[in-house]
Amino acid sequence: MIEQLPIVNLLLLLLTALVIPLFKKKNFKVTLSLNFAVLLIVWSISVYLLYYVNTEGAFYYRFGNYHPMIGLELLIDPFSTLITFFIMTMVLLIFVYSTSDASDGIHQREYGRYYILMFILLFSMYGIIYTNDLFNKYVFMEILSITTCSIISIKRKKQNYAAAFRYVMLNEIGSLSYLFGVALLYMVTGFTNIELVGQQLETVWQTHPTNIIIAIGFMIVGLGLKAAIFPFHIWLPDAHASAPSSSSAILSAVVVKVYLMVFVKILFRVYGIDILDALNIPSMIMMVGAVGVVMGSFFAIAQNDVKRMLGYSSVAQIGYIVIGIGLASYVGLSVAIFHVFSHGMMKTVLFLSVGAVIYQRKTRLITSFNGIGYLMPISMGAFFIAAIGMIGIPLTSGFISKFNLGIAALEGGSGVYIIVLIASGILNAIYYLPIIIAAFLRDNPEKQTVLSKDKVPILMLAPIVIISLFIVGIGLFPNGLMTLIEQAVNTFKV
Amino acid sequence: MELLKDVLDHINFIGAVALFVIGLYTVVTHSNLIKRILGINIMGTAIFFFFIAVGNVLEGAPPLIDPDGNSEVVFINPLPSVLILTGIVVVVSITVYSLSLVVRIYETYGTIDQKEIAAIQKGEDYSD
Amino acid sequence: MKKKFIASIFILLFVVLVYSIMQMPAGVGVDSLAYSESTEYYIENAASETGVTNIVAAILTDYRAFDTLGETIVLFTSIVAVVSVLRPDKKYEEGERHE
Amino acid sequence: MNDIIVRSITRIVIPFVMLYGIYIVLHGHISPGGGFSGGALVGSSLILYTLVFGVDKARKKFSHRVSEIAESGGILLYLFVGALGIILSGSFLSNQSAGFPMGELGSLLSGGVIPILMIVIGIKVASTMISLFHILIEEEK
């Protein structure tokens, strides 16, 4: 019975997405509680799978009991369960936030469609991480790109339509070049199953190297476009500036990370470390990541719209993860996955607290942030914790990932990247500290200096507080998470 | 002469790659939104054409087994045909979604030219 | 001037791709690398395992049925996405639509 | 477009186009074609009807309620068939190992689950095409 659980996860998410339009006429609270119940069930199944897989070992779920060469299969191993656990925890908390904040520009009627899209988005993310077939991954990536674009364009404003259109175009170029890579690999190996292709590539690398070089190039560009890695990040800031805060939290904390994990899965399982080293791709990736870190922070400084600034800082933090991946070592990968967790938490807190500020103060310009600390102590407090995490000040998970990344870079023999780490720490400080200083030290227009509780529904504040406690908690005791991550990285032959 | 024969062997793939580059060029350089959607369609068709060219077998029959006679007919590779059946539907739904966005963009911005939209956007800041 | 520069980049990309395609295996027969044992398996066992003569239909709905499920979900999502963009309810007077 | 010639010709042509589309969907597992192409044919016949007779009359033929049920119902049927595979043979979407009646090769009812899935795909493709067309046309009003 245990091995049916992954399909139960997928079916539950899909069934709620299909059932919501059918009976939405009654009052909306029923739908919300049902949605939350389903999310809780799926979350507990994911936690149980994570526990089961780490104790019993990975297993395959083969559709129709066919051999992987013939039929499709899901691979449930420590890596995929860990990432799905991360996805579901983040989306569960963001869902709690979005129930009350959905008024951020989304009409009352739109709620039903917003949650249909969110459940299909979850279904496709689970599918991408579970599936072990290259073409099946492409189909789920398409579902993910349609749903992410529509949760951006669901807010009926002209900036949203333009941002969503640009996102569709770039996303589509990304998917099609990924598909071109799959076609080139199929041309040479005759399989689409990831492991079989990986085995075939070792022999084919001697006879037909050009196919693999072109396929790697297209796949890296394609996934780079989708994961907003630096030179291809153009769509991310616009998408964030206009999207509702709960969808931009999902977009930058979760969806981008899923594409990065696909990037890792393909680089290290399909191509394998020796082909990568032969083409010295890891050093190229590290360079792209380092440029991304520095340039992303530069652009973030110049912004006056908070959400756009957070978008650019996401681009910078993605550069971190890319450096971790580029190290192509056991430590490098575990740092990259750890930073996926820590950045996911920090970015969600930042976006949700900014959403709370917009909810109460109806403003998003950085200049109008002075004195907010007194009016909204809880959300600005969480913003403070997440911001010092981003800068990398000790006691937060951000510091742990930066510190380990420095060690990994040293071990990997490319110590120069420590300079990049320090520089980006300073750059982060340059654009986060002014907001904190303005919020807590300057006085607000109403000249109110006594702390008054945020006039924001409790359902919006609860996730913000929970995640910021997690940030500090994981910052203090990271080894719990680290063991899980090491189990996950063992599955790659790095 | 050897080169010509080589080119003729690869003619399908070269055609597919040419279409792909044309589609990419259209998406990247044209500022009219409808033309960019067309570019995406050209790219999609190019890749499905590439997939079929990969699975093609000279004088291969379509993959239909005739129930009674088990004649020794050489079939083409059926798998790429299945994959592009799925791929075509994906590109169609992406096109429909982006067309509906273009309808909305035209209604709100009054233009479907990327440069004019960027100009209008630079004009006013984002207000909630 | 800028247009010519971009155009030359794309021509360069095309030349590089054509050059690399010339090195790729152009085997267009049963011996080509893409014609792997999975294809031979499909052709030999599709009739017996799925009882259907059209091998493409057999792969589409039996061997790789999960792909086709993903396909129908793409269709469903495109409807919801287009409805969420194009269906402003205030403009829509024709009675209470389903949601 | 209420030209009398066009209206009368479409009134004659549409049933045959739809019949041919249904034929292709049903014979999808024997002859070439199948859910996708047959569904597109059925969809295009109704789109032709909408073009000629206007979207209000077409909405009577293919109302919102029907399009809603076709959309969600199609996938629910697909999942039901997949779940049958779990119950009967322990893995999602399994066909012969789940003991479905295989029928003899080449006949209409051969292939266990495959004709049902073909019909589901046909319904999905047709109803998606028609609903999208109606949504885009109603946008002008």
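In this document, chain identifiers A, B, C and D correspond to the written order of the chains, with residue numbering beginning at 1 in each.
Convention: a contact is a pair of C-beta atoms (placed from the backbone, for glycine too) under 8 Å apart; a residue touches a chain by one contact, two chains touch by 3 or more.
None of these values were measured; they are calculated from a predicted model.
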Relative to subunit A, chain with the most remote C-alpha centre: D
Distance from the mean Cα position of subunit D to that of subunit B, given in whole angstrom: 25
Computed distance of Cα centres, subunit D from subunit C, in Å: 20
Between subunit D and subunit A, distance of the C-alpha-averaged centres to the nearest whole Å: 37
Residues of subunit C whose C-beta touches two or more other chains: 17, 24, 34-35, 38-39, 42, 47, 53-54, 56, 60, 62, 64-68, 70-71, 73-78, 81-83, 85-86, 98
Where subunit D touches two or more other chains at once, by residue number: 31-32, 68, 71-72, 75, 79, 92-93, 95, 104-106, 125, 128, 132, 135-136, 139
Sequence positions of subunit A contacting 2 or more other chains: 14, 18, 21, 63-64, 135, 139, 142, 146, 149-150, 153, 161, 186-187
Chain-level touch network, classified as line, ring, star, complete or other: complete
Residues of subunit D that touch subunit B when the two form their complex: 31-32, 36, 104-106, 125, 128, 132, 135-136, 139
Parts of subunit B lying in touch with subunit C, wherever the complex brings them together: 6-7, 9-10, 13-14, 17-18, 20-21, 24-25, 28-29, 54-58, 63-67, 74-75, 77-83, 85-86, 89-90, 92-94, 96-97, 100-101, 103-104
Touching residues (chain side subunit B, partner subunit D) in the complex: 62, 64-68, 85, 88-89, 93, 96, 99-100, 103
Complex interface listing, subunit A residues touching subunit B: 104-105, 135, 138-139, 142, 145-146, 149-150, 153, 157-159, 161-162, 164-165, 168-169, 172-173, 176, 179-180, 183, 186-187, 192, 241-242, 305, 358, 362-364
Complex interface listing, subunit A residues touching subunit D: 4, 7, 11, 14-15, 18-19, 21-22, 61-65
